[in-house]
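For reference, chains read A, B and C in written order, and residue numbers begin at 1 within each chain.
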Amino acid sequence: MPYSRLLSVFAIAWIRQIPAFLLSIVAGASLYAAPAEPTLKAAWEAAEDNQAGLAYRIFRSLQGREGIDERERQFGEAVSVLNVQPRTAENIRQAKDLFLELLKGDDRFAGLSEFFLARLHADYTDPRDLPTAKRFYRSALERGTGDPVVETGAARLVNMTEADHPQPEDAIRALNELEPLASQLKTPQGKRTYHEAMGQGYILAGDLEAGLRHHLIAESFGFTRRQTEAASWVTIAEAARELRKNDIAAEYYRKFLAKYLRDSRSYLIAKKLRELEAANHQP
Amino acid sequence: MPLPISKKKALHEWKLYLFIIPSLLLVGTFSYFPTLSAIYHSFFRWGGGDAKEFIGLKNFIDVLNDQVFWASFVTIGILVVANLFKMIPSIFLAVLIHRLRSDKWQYWYRVILVLPMIVPGLVTLFIWKFFFDPNLGVLNAAIEQSGIKTALVHLDKFFGWGVFFEGVPTAWLGEPALIIPALIIWGFPWIGAVGVLIFLAGLQSIGTEVYEAADLDGVTPFQKFLHIEFPLIMTQVRLSLVLMIIGTLQGFGLQFLLLGENGGAGGRGMVPGLWMFNRAFIAGEFGYACALGLFLFVFILALTLFNNKFVRVEK
Amino acid sequence: MRERILNTIGFGLLAVCFVVALGRTLWPKPKTESGENVVTIRIAHWQLEGGVREAIDAMARAYEAEHPGVRVVQIPIPERIYTNWLITQLVGGTAPDIIQIGIGISDERLSRFFVPLTGLAEEPNPYNKGTDLEGIPLRDTIFDGMRGGYNEALIEFYGVPLSGTSIRAYYNLDLLKKVTGSEKLPTNFREFIELCKKVEDYSQKTGEILLPIAASRYNGPQLMERLFDSQTQKLVQRENPVGTLEFQPTLTLRRYAEGDWDMRTPELLSGFELMRAVANYMQPGFMQLQRDDATFYFVQGRTLMITSGSWDSTSIRSQAPFRVGIAPIPAPTRDDPEYGEFILGPLSEAGSLAAVSFGLTRGSPHPKVAKDFLLFMASQRINKIWTDVSGWLPSVVGVEPHPSALPFKPIMEGYPSGLNLAPTPDLKRIWATNAHLLFGPEGSAERFAAAMERDFLRASTSDLRRQLTSIELNGKRSDTVLAALAVQAGDHPDDRATALKLDLAIQAAATNDRNLQSTRAALKASEQALNSQP
């Protein structure tokens, strides 16, 4: 297999972008040609469909258009330019400027912009700027907009403790300091992700009691994602068993077996449940 | 040196230039375009898809610290030296064919030489892979039947190689110490049809008067080769040398097919091209593979320039 | 003059060929013939193993019989070139309507070229009408809840799987009878080792060249991983403080960097020794051989046993001139005197995902018909045709596997898996390049452990770095999606579908963020350990 063959793969990789490029020119041209067609709705649908490039072009084409909510458009432009390829420092700076501009308002886009500014500093800038990211997560929460996405910032703050504090005692201290965040959360999604993260953080650091408490709160909001639900139930049951809270352990083992029999852990869990029940019946 | 021509003369039959457009387009698309693409992508963190992130020179800095990549040059260095010696049988065969008195036999030898070229390269590779099979392969059967194996086992005991054992089939591609020898043995008796034809063309351009003068001086056949034929086909030798070096440095099909994407036991069969393939298609680091490719390109260019400068042809 | 005429004719022919070729390239023959009220849909896949093409053909003919206006064309593509073929077809806009997904389709290609099937997954399959699955959402009619067709990063279903898979040991029953006088297959590791010894004795006695196990660098690791797995089940439970009872690859690598376990941990050494013990019964130098070489050895009757997936069952049976017996891989049990100490029990296959997943392309000229055919294939009645003709396991709940597929039914009464020492590219590479130190004539568990110890940290750090990049990329991509869903859900608070999608996206993003931070923590620990190495 000669080197030229490998190069031809790169050629294909590039050549295959030509139709997309041409299409994008056509799409772009058609946007300008037909001003009635592009809408914020179409742009958001493209963004939701993982087509950030297309979404960005539509948002840009809507600039200055009558009847368009300019703040929503700006926000759309900022969140979509983050994923326009190739991702460059210039794109990131453009998004940052737009988000900072949006912070001046006092609507839902201000809160969301603050959250995404945190994301931008946490993962997009080179080098990453974690102190600024944490500050933006916190200030976004303090706004109290009640937006579920903004409130997931609390869980992201919690998750950071794992890499920041490898030693269990430091991690527990850091998690304790994050306990007050709970009072700032209004949405079930925000509360659930926060308590789930806290539960996992505590259990990883070895504080089963606190971990179980948070996991039980998270679980009370219910999960729609099956893998998260299954993992949460097993963790609750295991932590409760360790803490000799056999009733809770048995309850969650049963819940798991009732719903997730097609899981590689189900046989082991059934065995653990039997052992637990046998222990409960012993005098 | 060609004589300069006037602009008018050059443009007189301008229509003829149109004929080179298709070739230019093909060369541009399939040779220059991918190379430019590789240069462009070497500055990105790129997984082969649309998503890519500009990372400046990071890929190149990582290449400098890539132990596997630099270690692979040791293997390729040995293979280049071995391939240099593997050119000798082709030169000798070309001389033998050239010295045949009968034109008819010369013709038939050339035909016999070219015929195997019809067999696709991949089939040859598979046949050799089968030769190396530890349990059913021809190589093990041959050394077993000829008694060479017993000698090798004794030598192994003496030198402590730890690769040849009595009653255990030799895993030619499964033992690190045997991988490079196996790669060198590959292609025995190392007669490349293209190489022979190139040398033959060179030999045939030697005038008969040179041979006649040599005969009058009572020159032996070997002296003829040493003082007449070899110096006069140096242009062809140099061409073959350049092609061989480029081919050896770029190629990895042989290693990939015989040893897999990791270069076999101990990674001893890992060559730069295979590592580039591994990073692109196994690790999904296409941007990094492009940077590796550029390093390889610079290396080949340097070697070719060195070759052109120092392997001189006396006119 | 004659020469000139011939030249003109030659040139003319060349020109005609060129024009025709150019025309066919620029204006290809329509791939879908809608003329005369016939709709043609095309289905592409890479499963060239025996039985699959016939099964898809049978399903297609059944569909055509019930839908006279439709013609289904099957396009089988070799696995080796599937990715290149697929990319060309997708970008060129000539992709078939239905395509098997799994190889060569990145998340971005999936989202760009394929139709999300989440809506379809939540709807009952109309072709299940009149069965016990009537009214049940499609996803719940597939044995794994259709997880085999779900994309975690994109939070959407993209494929409908048709089959189940498992790995088993295939035996040459005729040879077994010749060697042992009976056809009883080994049920545990001890019986298996005894059998291997008997094959060797028989070979020596009769002079017939026979080996107990056919292996290659494809089949060998399948068997080895299962054996090694058995020795590390308890280790995995111990190294998982999160209490999910599952193997946590990232956390396990972090624990390695922190010195909690190493290559000389008793469980690992025991696993290496077990692998070496079994490798002694394979062909010498098996790691230099390929999948086809091992199959060739087996079907030629040169070995008693081979390990392979259920996907090879029909091919092996059709090629072998002897009767084939199939049984679970004979891993040691808890009462094994030598290897029983670290075992929890047999490996569970209850969590295995459904496979042979088909997706719908966005460019399909007949999306309704294509979707309908997909549902047709995933119905209880037609999935029975699939298993009966292909000999592969079904994916639809309640479909009885064809008798030849019965040995591949998943083992439900088993325990979670052990450690996978080579799950990622660079760890795989060092495993492969050091394997000769374990399986070679002078190999040993200790030599292998020493070499792995030397290379492991560097390789795992490299893999963790790559994993981090990939998780970061997923996180970044999901940011735009999250924002879009947040705005849409805010605009339409009563839209339940958007609310559900936002909820799923939030949970997926939370999981991704958790993985991101765990990977960062593991990478940090690995880099520190690497820097502190002499």
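Quick note on the criterion: a residue touches a chain if its C-beta (ideal position, glycine included) is under 8 Å from a C-beta of that chain, and two chains touch if they have at least 3 such contacts.
Just so you know, these numbers come straight off a predicted model, no measurement behind them.
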| item | value |
| --- | --- |
| Greatest separation from chain C - chain, by CA centre | B |
| Contact-richer chain pair [A-B vs A-C] | A-C |
| Averaged-CA centre spacing for the pair chain C and chain B, given as whole angstrom | 37 |
| Computed distance of Cα centres, chain B from chain A, in Å | 52 |
| Where chain A and chain C are represented by their mean Cα positions, the distance between them in whole Å | 28 |
| Junction residues of chain B - those touching two or more other chains | 48, 50-51 |
| Multi-partner residues of chain A (each touching 2 or more other chains) | 9, 20, 87 |
| Multi-chain contact sites of chain C, meaning residues that touch two or more partners | 108, 112, 477 |
| Residues on chain A engaged by chain B in the complex (per definition of touch) | 1-4, 6-11, 13-15, 17, 20, 85-89 |
| Complex interface listing, chain C residues touching chain A | 84, 87-88, 91-93, 107-108, 111-112, 143-145, 152, 154, 241-246, 258, 344-345, 348-352, 412-417, 472, 475-477, 479-490, 500, 502-504, 506-511, 513-514, 516-518, 520-521, 524-525 |
| Of all residues in chain C, those that touch chain B in their complex | 106, 108-109, 112, 209, 211, 217, 283-289, 293, 297, 425-426, 428-429, 432-436, 440-442, 466, 469-470, 473, 477 |
| Chain B residues touching chain C - in the complex, by the definition given at the top | 45, 47-51, 132-135, 162, 165, 168-176, 258-260, 262-267, 278, 282-285 |
| Residue ranges of chain B touching chain A (in the complex, touch as defined) | 29-31, 33-35, 37-38, 41, 44, 48, 50-54, 247, 250-253, 256, 273, 276-277, 280, 286, 289-290, 293, 296 |
